[in-house]
Structure formats: structure tokens, C-alpha cells
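Chain naming follows the written order as A, B, C and D, and within any one chain the residues start at number 1.
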Amino acid sequence: MMLTRDGIAWRIARDLREGDYVNLGVGIPVLVSNYLDRTQEIFLHSENGILGVGPRPARDEIDLDLISAGKGFCTLAPGAALFDQPLSFTMMRGGHLTHAVLGAIEVAENGDFANWSVPGEAVPGVGGAMDLAVGAKNIFIAMSHVTNKGAPKLVASCSSPLTARARVRRIFTDIAVIDRTEAGFVLREVMPGHDPDSIRAKTGAALSVAPDCHEMTVPEASAKGVALIRHD
Amino acid sequence: MIDKTVQSCREAVAQVFDGASIMLGGFGNVGMPAQLIEALREQGSRDLTLISNGAGTGPYALGALVGDGRVRKVIASFPSPSAAEFRTRYLAGEIELELVPQGTLVERIRAGGCGLGGFYTPTAAGTDLAAGKETRVIDGQEYLLELPLKADFAFLKAHWGDRLGNLMYRGTMRNFNTVMATAAITVVAEVDRLVAVGEIPPDAVHTPGIFVDRLVCVERHPKVVELPREASAT
Amino acid sequence: MIDKTVQSCREAVAQVFDGASIMLGGFGNVGMPAQLIEALREQGSRDLTLISNGAGTGPYALGALVGDGRVRKVIASFPSPSAAEFRTRYLAGEIELELVPQGTLVERIRAGGCGLGGFYTPTAAGTDLAAGKETRVIDGQEYLLELPLKADFAFLKAHWGDRLGNLMYRGTMRNFNTVMATAAITVVAEVDRLVAVGEIPPDAVHTPGIFVDRLVCVERHPKVVELPREASAT
Amino acid sequence: MMLTRDGIAWRIARDLREGDYVNLGVGIPVLVSNYLDRTQEIFLHSENGILGVGPRPARDEIDLDLISAGKGFCTLAPGAALFDQPLSFTMMRGGHLTHAVLGAIEVAENGDFANWSVPGEAVPGVGGAMDLAVGAKNIFIAMSHVTNKGAPKLVASCSSPLTARARVRRIFTDIAVIDRTEAGFVLREVMPGHDPDSIRAKTGAALSVAPDCHEMTVPEASAKGVALIRHD
């Protein structure tokens, strides 16, 4: 049993708390916004100058001047603030965001990670990834546990170009939740059908097991019917 | 009476010269001075260096300017996959790219505008983008030395402007515009509406007129007011 | 529901500890968190380091705090002649002064708040205030290396605030408040009016709530709303 | 015949042009605002966050939240902008102000000047003087030609603590207008009753004379009756 991309996003949302200020990167991370507990006030930051990104607008509610970092139209949450790039990066690099949730190609056991230089992509682009990576209080990584070809993405040492050194706090994959500590990777949660040994087999670095490591309990689908679990 | 307004985008960009460096505001289409960029295409200067977050969002304005083959170099953080014109020119080796992390790009422009000689940032330390850069350990952390960026011109997009050059933005239009306004020799703004002096309350002036040399009031570029077939997600 | 408001200035400053560093907003009396400072006087912490443009404007609030003898050091640009309490303590050798040019003070606080490791400024190069500072010639001009300033606390004064910590100033209240909001571990604001979430339009939020830990709504200190006998000149 | 402090301010105002952005320091400089040509738009900058300082308010017009750098209440001119200290010093240090008009204790022939450390003042204060000094496009100095004791204030080399090196463009004194050039001090205007030799006698450095050096023509008093000229 594995988490879908939405399932990973759902699980990450469970780790966010009222009062958190969070930047969600492209890919799986941005899906987290669909699974936030709407009874709690969690502020989403967008690097292009929003604190308090709201849901996407209906077509007739679109404001052409209001987009989020992914370039899609957005709305503002109650209590939102608009500002310019210098203040936005003050938040990002200055240690003010509670969490940055980012995708990754690789995460190393020392907390290094790589996400900006996509293999096979000849035109490089980095955006605000490196600023978030050095600046957010906690770096959460959302990614599949292994590549399409089955190679581990949690590794002893990154071979892809680094985004930042030694900054990853927690990794959420399709089969596990793993902390990155001073002592390396620590398994905290596994999906049903997996166990520490099977996770280790898919992990390219040493993996210890937390005393309270347990199985995740995830619903089959979200309230809106989006599948959170795959059974392949 | 001070009057910084000009009547056409053509007039607004007339002074651009071959080899000029130009800062372009905008993040995606929002806050991008699309009409000034189109006027620049007609104006025809060559060997331009563009400083901008991206390298275009489609085959118009910035994307088209790059496609015209008159851009020698782009200093950007994210020449996105939708920048097809840039992609083609870049892969053909016809255009140089200086890739700068976005926060470093912002801060280098700010340093240029506020008279600093450089700064130390933790961003990109230990990565490939630190190649060739001086490093320094301060208080136990490694930083890169980054130098200021200035330009011959900055093209801005604002919502309201007055004849004094005071500008007000809306939504996420501020992005790079406010800081680029401080860092170029000649600063030109495209505005949606020209208002009387005083209509922008003193507290709501985002870019004070001291930074602005010329402004032109023009309808938005048709491509940037076009709604996508389906509104894309956040 | 997030609620950063507290009911009294006493509660707002309760966490200050002996030896703490505290940034204080304000330029003259405008934007000075006078009620928080009075509460700090009652709270009684000692050996404080204050970071502020000046050192008081009279025998109340900042001036009185300095006069109380609980301030060990002041980092300031202009401890003005009207700061009689500071003057007495300073000349008696009871208080240390780190004199910083105002623009350098602003930029050091900003560097602290935005995660930079330091910067090069031309200000004060070749003057007595460059003593002991590392210098560097960049592009033919001499600069001083300046390091970031952070503090344990920042006390701000704003006009409106909401329970999320969003702040709006008026007139010349912004001064050091916006930048100090970014550079302290615990940020406390004194506001004239507590408004509902949304009453401050998103475009008019000067200090977003992410920077603010606590705020208290209180009448202004009687001394700072007292008109002078004769309105002084510009 | 000598200029009063107001006379010096009056003369400086003649050098300001429509569209100039000007910071006026304490002392004589701030008096310049009383002699601006009100038919022309000249923007006064105040370091505490105003571009477009207006006249002082009547008592019943005072806004307690609106003061200028001298700490006195002020009004706003049409088209004024309010901002914070970082943007204010971007204007100052970043080369955006057309002129800073400052007082001085000494000006040296290489353009160095001293104005922040007042002799006999035991408590030092510098404020924004050094930022203006390095940043404004033109530094204009307003001061008496000699000290109370008759010592020259235009000197070969400053003995007081410097505010900035090599930045002074023009000096307006009670008896002369002098340019500071790469070739040193150049006399441009003299008050009636003075001539190059008498000015040289009061100047502590070499003084050349501009080809178009001429006598100033200054009214006895301003329109409001303030004396611009002294006959002692």
C-alpha cells in the first residue's frame, strides 16, 4: 500500500499547526493546501509577495493581478498581506517561515538535498528554492521514496547538484515518514504492507528506527473523493 | 510644473541603446511592463542584457523580445519551461544566461539601488551556483560574497501613477518593480491609470517619484489580460 | 484561532530578562512604543542593551528608562542633546555607547532580519567611525564591512493592529519599526487601535503578522500626545 | 556687507531647480525651505520617512504623527510620500537625492568635510549625516566663512573628525560662494565690500577665481521682512 501524491500531501498537512507560516513548493507540496484543516489558521506564503494565499478562484472571480508562485491565479485568505520581493525574501531567507515544503530529487543522510537541477533539463532554473532551503525554520521534503527506475532517493551522499547543505528536517515519501537527525535517517512511520526492512531495502543510506515507529492510518480517499492510497 | 509623463511607449523607450542593460519588473505576467517591452521590440536596440526574474511567459512581450534575437544575455532566476523563445536561443548558444537564486537577485538589485558595495548571503553556499564566488565564514556559517547589480534602464509596470512619478501597484504587481525602481539610471513606468497628484495617498505610494524618470499610461497588453482557457491552480 | 493580543503592557513585556537586548522603534516620539517602555521600567529587568535611533526625548519612556540605571549599553545614531538622562549616565561612565551612522544602523538591523551575514557600506569610510572596521575597495570605492544586528526583543509602535499581528502605521511612524519587526526573537507591538482581521487592507499591511509575536492596544502615553507650548519648526 | 544665516539660506535656494530632491540638514540648511520659489516643485526629503515635506503647521493643524528630521511638526506637500527608514536611506545613500545641504565645521580643499563632531560636545551623535554625505549627488555646505574667533573654516586639510571624504561640491558662506573642484577652491561670487584678496585672507587654503566671478545681489530683507544682510 502506498500513498498517492495527494496522499503524501494529506500526510504533510497533518504536521502543520495553527499559526504556522508555510511555503509550499511546486509539485506535491502545493497539493498540501487542499488538505489543510480549515478550522485552523495556517498562513501560506508565496514568494511573489503574498502571506495568506487563499483557494484558487472560480473563473469569474479571477483577479488578473493576483497570482501565486506557481503562476496560477489565487485568492487571498482573511488577514492576508501583500508586499514586494525584498520583504518576501526577508521572510524566506531570514528564518521567519515555520516550514518550507519542497520536492526533491535526492536527500542525503547529512541533510543535504537536491531539487533545483532536473536531470535531462538543459535550461537551468533555480527560482527561490535555495533561499527557502537556507532560510525556513524547518525543511520538509515531499517525494517518492525511489525513482521511476527504483533507485533510492534517500542516499548517503547526493550526486545531483545541491540546493542546500544540511537543512532537511523530515522526509515524507509514498511509503514512509523519516526524520533526518544528527544521527542520520530515522524511520518514524510506515505505510501498511511495509516494514523497516522493506523500507531499508529502498533506502540508500543507514536507517534507524524510532522507538515509537508505527503504521500510518490514511483514509482511502479525501472528502472530495481524491485517492490518497494506491494498492499497486 | 514637473511632468514625467510621455504620450507613447515608443517615446518612453526611445533612449535605449545597443548594448544597454535593462531591468524588467514582473513575476509571471503580473507586474511585467509588456507594452514597454513591445515598444522596445519595435525600437530595435541590439545586444541587450536583460535582468528579470524569468525569461518570458509566452510568444509576446519578454518572450518575443528574446525570440527577436536582440538579447545577448539574461540575468534571471527562473527562465521557466514556458519561455520557449529563450530555450531555443539558449540551447543554440546564442544567448548567455547568468543564473542567480531569486533572493540573491533581489538583494543584488537592492544593493545597487541603495549604495552598498556588496553583501554576504548564505543562499547557494556549498552548491554549484557558488562556483567562482568568494566565500566567508561569519559566526560559524558560510556565506557568499555577492556584488550589486545596476542597469542602464528599468522598465516597471504599476497600476496608478501621477505626473511626479509616484507609483502604486495592486495585487502581486509589486514584486521586483519596487526594488528595480531604485537601481537603474533611467526608470520608465507603464501604468494603467494616470491620476492627479494627491490621488495616491502619501501612505499608499509604493514607489516615490524620486525613483521614476518617465511614465506612460497605456491599456494593458492584450495577451496579459487574456484569461486562460481554464484557470490554473495555485 | 490565532490571537496574539495581550491585555496589558505589563503582560506584553513580562518575558524580558536581565541582560536582554531590546530594539525600540521610533524617531523622536513618533513610532516610539512609550507605554511598553514604561511597562519595562516597572518590570525591572537590568543590564539591558537598547538598540534605537536616539536615547530619549525627555524624562519619560526611553529617557526615563535610561535614567533608571538599568541600561548597560545603547546602540544608537543620535543620542540627542535632549536626552538628558542618557547624557548624565554616559558622562558618568555608567553606560556604554556604540555610535552607528543611522543608515548603517538601519542596514545592520535589516541584515539581521533578512538573513544576510554582513554588507559593505561606503558610509563612514575614512572617518573616526571606521576605527577597527575591516575595509575593502570594490570598484574603486572604499567600503566598511558591517555585521548584522539582532536582538532578543523588539518593541514597536503602530497605529492599527489585528489579532494576527498585522500592523499599519501612519505619518512618520514607520521609521525603524518595520525593519526592527524582522530582527528580534520576540516582537511586541503597542497599537492605538485593535481592528478586526481584514480591516487593514492586504495592500496596507506594513508589517505582516509573521513578524509579530504579541500586541497590546493601549492609549498613547500622555507625554507623547502633549502638544509643545509652541509648535516647533520643521 | 555679509549675509545673515537667512541670507545664506536665501542664496542656496537660488541654486535649487524644479524637480530637485533635496535634504536640508539642521541649522542654516533647514532655513532654505523658507526661501524656495513656491512656483516651482522642489521636493524636500526628511530622513525619518518623508519625501515632500511641507510648511510647518499652524498649531491647530498639528498631526502628532508627522514630524521631520529636526523633530518638529510638519505638513506634507502635494504628491508627498511616506515610507520607512530602509527606503529613506536607499534614497540617501543610494545616490537618489539631487542635493544635500549641510552645515560644516570645516571643509578641506580636497572636498573632505567635518560636521558631526561638535567641539566641546562630550556626547557624540552622528544621525544620518554620513549617509547623506556619501550618497547625495551634490553636497552643498552652508556655513560662516570663519569661526567665531576668526579662524578659517575652508582649510587645506580638516583637523576635526571627518563626515566624509572628497564629497563637497559648493560652499555657501556669509561672504562668498565657492566651488570645490579637482583643482581646489574656486571663488564664484563675493558679497559687496569683499574681493578675492579679502576672501583669501579669511580662507585657509589656496583659492582661485572663476573667470565669471561676480558680486552677489541680495535684497536687504526677505518678503516677510527677515534680514538677509548684515552691515557690521
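By our rule, a contact is a pair of C-beta atoms (placed from the backbone, for glycine too) under 8 Å apart; a residue touches a chain by one contact, two chains touch by 3 or more.
Bear in mind that the values here come from a model prediction, so they are computed numbers and not experimental data.
*Asks:* Could you quickly compare B-D and A-B and let me know which has more C-beta contacts?
*Replies:* By number of C-beta pairs in contact, A-B is the larger.
*Asks:* How many angstrom lie between the CA centroids of chain A and chain C, rounded to a whole number?
*Replies:* 36
*Asks:* Measuring centre to centre with CA averages, how many angstrom lie between chain A and chain D?
*Replies:* 57
*Asks:* Could you work out how far the Cα centre of chain A sits from that of chain B, in whole Å?
*Replies:* 30
*Asks:* Scan chain C for residues touching two or more other chains and write them down.
*Replies:* If we look for residues of chain C contacting two or more partner chains, we find 107, 110, 114-116, 121-122, 170, 203.
*Asks:* Send over the residues of chain D in touch with two or more other chains.
*Replies:* Counting only residues that touch two or more other chains, chain D contributes 82-83, 86, 89, 93, 134-135.
*Asks:* Determine which chains touch and list them pairwise.
*Replies:* Going through each pair of chains, those in contact are A-B, A-C, B-C, B-D, C-D.
*Asks:* State the interface residues of chain D toward chain C in the complex, per the touch definition above.
*Replies:* Of all residues in chain D, those touching chain C are 30, 33, 46-50, 53, 55-59, 62-74, 82-86, 89, 92-93, 117, 122-131, 133-135, 161-165.
*Asks:* Which stretch or stretches of chain B touch chain D in the complex?
*Replies:* Within the complex, chain B contacts chain D at residues 1-2, 110, 113-116, 162, 164, 166, 182, 197-198, 202-203, 205, 208-211.
*Asks:* For the complex, which residues does chain B have touching chain C?
*Replies:* 107, 111, 114-122, 136, 138-139, 141, 143, 147, 170, 203-204
*Asks:* Inside the complex, what are the residues of chain A that reach chain C?
*Replies:* 18-19, 21, 41, 43, 45, 51-52, 76, 78-83, 86-87, 89-91, 93-97, 134-135
*Asks:* Flag every residue of chain B that touches chain A in the complex, lowest number first.
*Replies:* 27-31, 57, 77-81, 83, 86-87, 90-91, 97, 99-104, 106-107, 110, 121-129, 159, 170-179, 206, 224-225, 227, 230-234
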